[in-house]
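Comments concern the structure below.
Chain lettering (A, B, C, D, E and F) follows the sequence in which the chains are written, and residue indices restart at 1 in each chain.
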Amino acid sequence: MKALNGRFGLPHPMLSITLFLIWQALSNGISGGSVVLGLALAWLLPLFTRNFWPNNPAIRRPFRFLTYIVRVVWDITVASVNVAMLVLNPTRKPRPAFVVFPLELEHPLAISTLAGTISLTPGTVSADISDDNTLLLIHVLDMDDEADLVETIKRHYERPLREIFK
Amino acid sequence: MEILFAFVIGTLTASGVYLILRARTFPVVVGLTMLSYAVNLFLFATGRLVTAGQPIIGSAKSYTDPLPQALVLTAIVIGFAMTAFVVVLALRSRADTGDDHVDGQKEAFWPEPGAKPAPEETR
Amino acid sequence: MNHWLTAPILLPLLGGILQIFLSFAPLGLRRTLGLATTSLILVVSISLLLLADDGAYRVYALGNWAPPFGIVLVLDRLSALMLFMTALLALFCHIYSTRGTDAQGRHFHALFLFQLMGLNIAFLTGDLFNLFVAFEVLLIASYGLLMHGGGTARSVPGLHYVVLNLIGSSLFLISVGLLYSVVGTLNMADLAVKVPQVAPEDLPLVQAAGMMLLVVFALKAALLPLCFWLPRAYANATAPVAALFAVMTKVGIYAILRVYSLIFGDQAGPLANLGMDWLFPLALVTLAFGVIGALGADGLRKLVAWQVIISVGTLLAAISLHSEASTSAALFYLLNTTWVVGGLFLVTDLIARQRGSAADRIVTAPRMRSRTLLSVLFMIGATAAAGLPPLSGFFAKVLILESVKPSPEMGWLWSVILIGSFLTVIAYSRAGSIVFWRNVEGHVKDPGHLTLPVTVSAGALISLSLVIVALAEPINRYADATAEQLHTPSAYIEILQTPVVTRRESL
Amino acid sequence: MITIALKVTLAMVTLAVILNVIRLIKGPDAPDRILALDSLYINAIALIVLFSMLIHSRLYIQSALLIAVMGFVGTIALAKHLKRGSVIE
Amino acid sequence: MHLALEILIVVLLITGGLFALAGAIGLLSLPDFYTRLHAPTKATTLGVGGIVFSSMIFFSFGNKSLEVEEILIMVFLFLTAPISANMLAKAAMHLKVDRMEGTKGHPWDQ
Amino acid sequence: MTLALVVLLPFLGAIVAPLFAQAGRTAIAIASSVPPVIALAALYPLWPAVEAGHVLVQTQSWLPDIGLSLSFRLDGLSLLFALLILIIGLLIILYSRYYLKKHENIGKFYSLLLTFMGSMLGIVMSSNLVLMLVFWELTSLVSFLLISFWNDKQDARRGARMALAVTGGGGLALLAGVLLIGQVVGSYELDDVLAAAQLVKAHALYPVILVLVLLGAFTKSAQFPFHFWLPHAMQAPTPVSAYLHSATMVKAGIFLMARLYPVLAGTPEWFYLVSFTGMVTLLVGAYVALFKHDMKGLLAHSTVSHLGLITLLFGMGTKLAAVAAVFHVINHATFKASLFMATGIIDHETGTRDMRQINGLWKFMPYTATLSMVAAASMAGVPLLNGFLSKEMFFAESLELNLPGLWAYVPPVIATLAGIFAVAYSARFIHDVFFNGKPVDLPIYPPHEPPRYMKIPVEILVFACVMVGMFPAISVGPLLNAASAATLAGDVPDYHLVVIHGFNLPLVMSFIAFFGGLLMYTQRQRFFDFHERFREIDEKAVFEAVVARLSEKARALTSFIENGSLQRYAMLLIVATIVVAIYPMFELGLSIGSMGISPVDAPTVVAGLILITCAVGTAAMHRERLYALILLSVVGLMVALAFARFSAPDLAMTQLSVEVVTIVLLMLALYYLPSWTPVEASRFRRWRDIVIALLAGAGMFLVTLAMLTRPFDSISRYFLENSVSGGGGSNVVNVILVDFRGFDTLGEITVLGIAALGIFAMLRDAKLAAPPTDGQGHPWSTDAHPTMLQQISRPLLPMALMVSVYIFLRGHNLPGGGFIAGLVTSVALIVQYIASGMHWSHRRMPFSLTTPIGLGLLAATVTGMASFAFGFPFLTSTFSHMHWPLVGDFELASAMAFDVGVYLTVVGATLTILASLGRLSMKSNAMPEDS
């Protein structure tokens, strides 16, 4: 069974589920055909591309991940307005800064997810990750307080991610 | 609309031609690409400009001429293959002649008439 | 519908695909399969030639879509002749390449076969846009072949060849598009029907399209002032490739013959014989320039490459006269020049291999190992190419000279051709006597041995000029019939009535 | 109402596109230009989607998707080229 | 179509358009590359995301069938925007492009 | 077919003879004599008929289109020449046996000799002018090879080439003349041509014909001013000189004049052209002959002179003169061939031909000396020898010309003067060689008589000289009569072949010539001194210099025009296009058709303006290459938007995908190229290019505008109507691609596949140095594969693949299809290459990159061929609606399978192309292995 799983199994179950769902969405409504084809694709595509995605970390808590996404989306929406204001207000000068963020996450995918999240939320962009994956360089558009920023990121994003990618 | 479209094609052609007449491989390749954009737009336009008549049966009340679109598709693919080839050839020429001039390094490659021939391979 | 019409296309295609799969297989296997494919193509071409000789048009509606909607293949005498001419040349070039050319780089056999596929599509297709596709197939393969074997001398001429042809392709598309935008069709027979009916206010568009198309074909055919890419490109290609390329300019000539007799022929109303008045003087200047090039050539390959241009000038001069007799003469000349020039490229290569660093340059060098054989082959080839008796070139030239009736054109044509011949003789005799006879003491280190395949293929191509003489009568009869067919486009137009195979609901 | 909103949005996006092009031409550095190009791609998605809504046709949604994919690939390739020279190594 | 839906669509469209425009203005007016990087990465992405989302609603309710290809677009946009920004930031740091005066901290060597 | 056989035999012999080369000189000589002997035997029975004045013509049709037939003829003239060719040929064969050295290439020699014999027979026996021409040029070619037999000698090579150039070139003129005759007469058959003599002479083209034909004849027969090749042809082995340059080939021109005598002669043009040329040649040859120290040189110039004499006789236009001409042909052949052979013997025995060294040979080889002296006496025109007879006839005819006034004296005076020279050089030949003291520094000393059989040919010929000289009526009477009859078209005048006609003016002239000649010879030193004052021109050197100069000029012109500059070639191509299109463009003008202009909307205008700005910007900013590339991508994007705007969703998608792949490709290339372009072109050049570009752009603008505003009807209606019912798909563009015009698509993916193969092959061994820094001098970053990119791109791959499956499947009915799907797949994989590197990705690819190309092409082809099985043409598609449990209704079209082929090819080709380029950097940049 394990051998079978190795060669013909589902290397990335989460991915397979996602692919299946997306396919149903794409197929313009659920039908016999789309389910069959969706299942086939959800099985085959991860299998074919498994070599390209080795040693992926298991996502322990998929539902935690969903709540994480919802939170991020909310953060983006709220904070966007701030940035828009900043941009559209010609009198306000931005106070940019490069901030080094010490990482607690270890897996590169987790780090990348964090970096991506930071970039998507207004006011911060992940500029670089150190070679040893311990530091994250963030460019901040308008910085009040560095410690505050680092703390916010750690609380809002890094800890949930640590739980998700265990 | 037609004037704008024609002007676009004219500009693309002119820019492409100008670049094709440059002396280095890179601008020439860019020029060829630009010219092929012009040609593709032109070929496409032979079916005339239609705003909301799709070439998909059942999608609209009136249809656009699908044939030029198919021809352009073929032309795009062929153009891509050719561009790829000419790009690689430009590199090859750079590797072989040490220069990116379209004629290679003139002195090194095209000996003037009357230049001394290489010594005979004799024993 | 005769499925064999697709064979000259499908055979090289399948053979080429096979070569892709076998790209890491032993060379011997690839050679065997490649040669087998080319031989099969020759066999098919011969059968098609025999088939076409009855003078009927054979139409093959690809995809079972009736013309003018689908693409058709049309076999007539001209296309059959081109197929045969190409296949025979290709077989000998292919045999020659097994001497080691094919081992100099990857994918030689695949490229070679695809080249044939492109050529054969061009000769068979009855659709103008498909002719464009055919040109692209044969061009891209020729680019690959031209660059085959690497070497620093090839890349710059290769680049020029490719860039110019890319511009040419753009022109082709513009012309086809322009034609379509007025007459709304792509099938050549349908174009022939509709071009004469074009409204007067649309005439300039069609005329521009026709003239630009002529530029495209003239570029492929290497007509002055569009011929400059040729000598260096051909002179630097590997021998079998250069030899095969003897047919490349002929594709342009074929296209001119086809399109300008069918679509812009005598019956095309206000656009009748479009561009032919330009073609004649340009062809003569091309011829003259080719001769000058040959006189000034410092290497045998260059000399032969200029011979290609001489041939183009001669052919187009005859074709532009637009009479049955001159077309027929041009066709006769076409066979002669294509094979002989191909053979000369091969012989030149054999010579170059035995002359060490002097290679093909017209300079003093140590004596060749196989001097006698090579000199005989060269002499026959040169005689045939220069158009001296008793070889085919002479008869071809006489046919062309004869085909024109007394007129100012006759004066020009005769003078240029005859003086050209004279100077060509001087060029060849000078080159030959220096290369073969003006020897210095010494030995070339490790001169190439003549092996059976290379000698046979080079010799065979050269000897074809003798065969043409022996078979001059039937060949000429075929050429006459072909010219007659070409000059009667009304028969071609009838292919539009081709019925398709009745469709069943499902197979 | 939707049509008006569409046209207003279209106007805004068109204006955004113009601004992008200005940045693209101004530079001053290559990253600026690539950034402008990236925004241009993203705004093109908006243009296509708005146009689709205007003509009530979903035939172009795929094109929008492709712009998203291709814009991304173009951007990272250009950025990598700046940094490493060789895009594929 | 229901008025509420129409209003939702219109709001999404207009805010989306505004965000896109804001992004473009930011791209044009912000003082240095690093600050400009923020504009498209967020504002534009978000704005276009909104427009795309409105399209999904528009077609789903207009055509009475679920049309979700737009989700794919949004997923792609949001997945890729940070990477693009990251790559561009790295490129800029590599090229040592000018920073605006008063920027705290410093970029890393590449 | 006796006549054809006679001509053919020597050719057969030429093939067979070399086989005897191994068996030795005697064997090959015997083998070589077989064909002429058989030919003579074959001609023998025909003799009575010919003598009776019959003309035998045997015709076999060959190429009726050019009026060329294998038509052979035997009349007196051709018989005379055939006998000369065969008999002297036999003697030469025998002679050569002893002349050639053992180590020489005797196989080649005899083969060429026989080929020459055949060609010569062909000339004289052809009854078709074109056929004659074939043989005519063949003799030029063969003589080229014979003259250069000793091709290690530079003089031999040059002499041969000069001979070929002159005689071959003359042959081409003759060709033109013959073809004109054909145009006038309507046939090349000699009978028809002879019958149409009056027609030809009256024709407007007659002067042209005459000049062209005479050019052929004069060059071949070494008439002034084309005579210079003949002396240099003496570099040939002596048998060749004896055969070609005295007896046969040079007589071909004479033969031609005789053959066409009835057609062309008898007009003032003929008279002045031919007789004047002959006269000058006669004199020049005779004069120069005297001063030649080389025995062969003397003989050669003497030959030139005698050929002039014959020409002059023909030119006179009287019938008796023509008879005399024919007679002199025979006589000259006999004495001159024997003299050449004797010279060969002397050369053979002494090792030199220089008369300043050779003296007093009488003592060493009296027998040879006797023979030579008799022959030389005949050459001088001593009575009782054949030379005397024809010369007397010549003197007599020179007096018969009815020229006005003082001009009447010119011919006899010149004739006598030439006679004086002839006697002088003949005397020199006798005295200077056989007497005149002792030999000086002979390379071979002492000389001996040659081998017995080497003398036989000379003996026979000298015997003939004497026999004809003493018994002309018996020995050559009938033959001469028959030949003259043929020349004059049956109208032979009364003439008497007797040794002495009595004491008359011609005899006086002979006396003057004889004694004048002897006197001249005794006073030779004065003449020599006089002649010394003029620098002698070496025609070979002149010819060589002319050819070299021609070649050099040609090369200079060629390299000036064909200068290897792509810019020029491209400019010519574009300008040529503009030139041919400019007239229709003027006709068209700024034309707006009946459909008028449709309104614009702001976004489209903005997009159009952006496109225009960026296009112009790309051209303007092309020096900064990356910048240009970025602008180009904007152009590409806008083009895609234009496709979308004007109802071409498939095109928009294709354009988008292709464009990004192209940009990646260009970037890959840019890595190895300088990042900026230097300013090279002059201001003028730039403006010239701008003007060309603007003209091209303006042309496209006008054409597009005219086209867009005109209504038209196209075949597309058919596609729209039949797409669903016949092609099973509602996306008409896709149905056209995979069905209606599937063949185009097959070609298109073939192009893509070939491009990939070609690129793969081209880059396999390319060595390109990667630049160590970027354009601004920054060293490259060491971070090849950034973490974020790497990590996020990995889940992107399966998602992108799904998208491509989606695009593929809906393609038949909605925008999409194999091509776009293939590009999406490729792009998704390319992202992996960019993010994680070639090495990493390559190891993970389940297949070699070229495999999908092959598979794709195969899939498309096999799908197309499947229809064969059902009796349908290639690429006929089919589709059907299926119902499967669980799955439900779906449509299955064979076009889908074809589209799979497209998909696979695109994936394979795109990846191969990009990976081949990527691999370059792997070699040049020794990168640490990716984890």
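We take it that contacts are C-beta pairs under 8 Å (C-beta built on N, C-alpha and C of every residue); 3 or more make two chains touch, one makes a residue touch a chain.
All figures in this text were calculated on a predicted structure; none of them were measured in a lab.
The chains that touch subunit B as well as subunit C are F. Using mean Cα coordinates as chain centres, the one most removed from subunit B is A.
Of all chains shown, the one whose average CA position lies nearest the global CA mean is C.
Farthest chain from subunit F (centres taken as the mean of C-alpha atoms): A. The chain pair with more C-beta contacts between its two chains, of A-F and D-F, is D-F.
Centroid to centroid, with C-alpha atoms defining each point, subunit E and subunit F lie 70 Å apart.
One inter-chain figure worth recording: subunit A and subunit B are separated by 41 Å, centre to centre, where each centre is the mean of the chain's CA atoms.
Averaging C-alpha coordinates per chain places the centre of subunit B 34 Å away from that of subunit E. Per-chain Cα centroids separate subunit B from subunit D by 25 Å.
In subunit E, the residues that touch at least two other chains are 18, 23, 25, 37, 39, 45, 67, 69, 72, 79-80, 82-83, 86-87, 90, 94-95, 110. In subunit C, the residues that touch at least two other chains are 129, 133, 136, 140, 143, 147, 156, 159-160, 163, 167, 174, 178, 180-181, 186, 296, 298. Each of residues 20, 25, 28, 38, 40, 42, 45-46, 51-52, 54, 56, 59, 67, 71, 74, 78-79, 81-83, 85, 89-90, 92, 95, 102-103, 109, 113 in subunit B touches at least two other chains. In this structure, the chains touch in the following pairs: A-E, A-F, B-C, B-D, B-F, C-F, D-E, D-F, E-F. Listed in rising order, the residues of subunit F touching subunit E in the complex are 776, 778, 781-783, 786, 788-789, 792-793, 796, 799, 803. The touching residues of subunit D, when paired with subunit F in their complex, are 10-11, 13-14, 17-18, 21, 24-25, 27, 30, 33-34, 37, 40-41, 44, 47-48, 51, 59-60, 62-63, 65-67, 69-71, 73-74, 76-78, 80-89. Those residues of subunit D lying in contact with subunit E across their complex are 1-2, 5-6, 8-13, 15-20, 22-23, 29-32, 34-36, 38-39, 42-43, 45-46, 49-50, 52-53, 56, 58, 61-62, 64-65, 68-69, 72, 75-76, 79-80, 82-83. Touching subunit A in their complex are the following residues of subunit E: 18-19, 22-23, 25-26, 29-32, 34-35, 37-39, 41-43, 45-46, 65-69, 71-72, 78-79, 81-83, 85-86, 89-90, 93, 99-100, 102-108, 110. Subunit F meets subunit A in the complex at residues 783, 786-788, 790-792, 794-795, 797-799, 801-802, 805-806, 832, 836, 841, 843-844, 846, 886-890.
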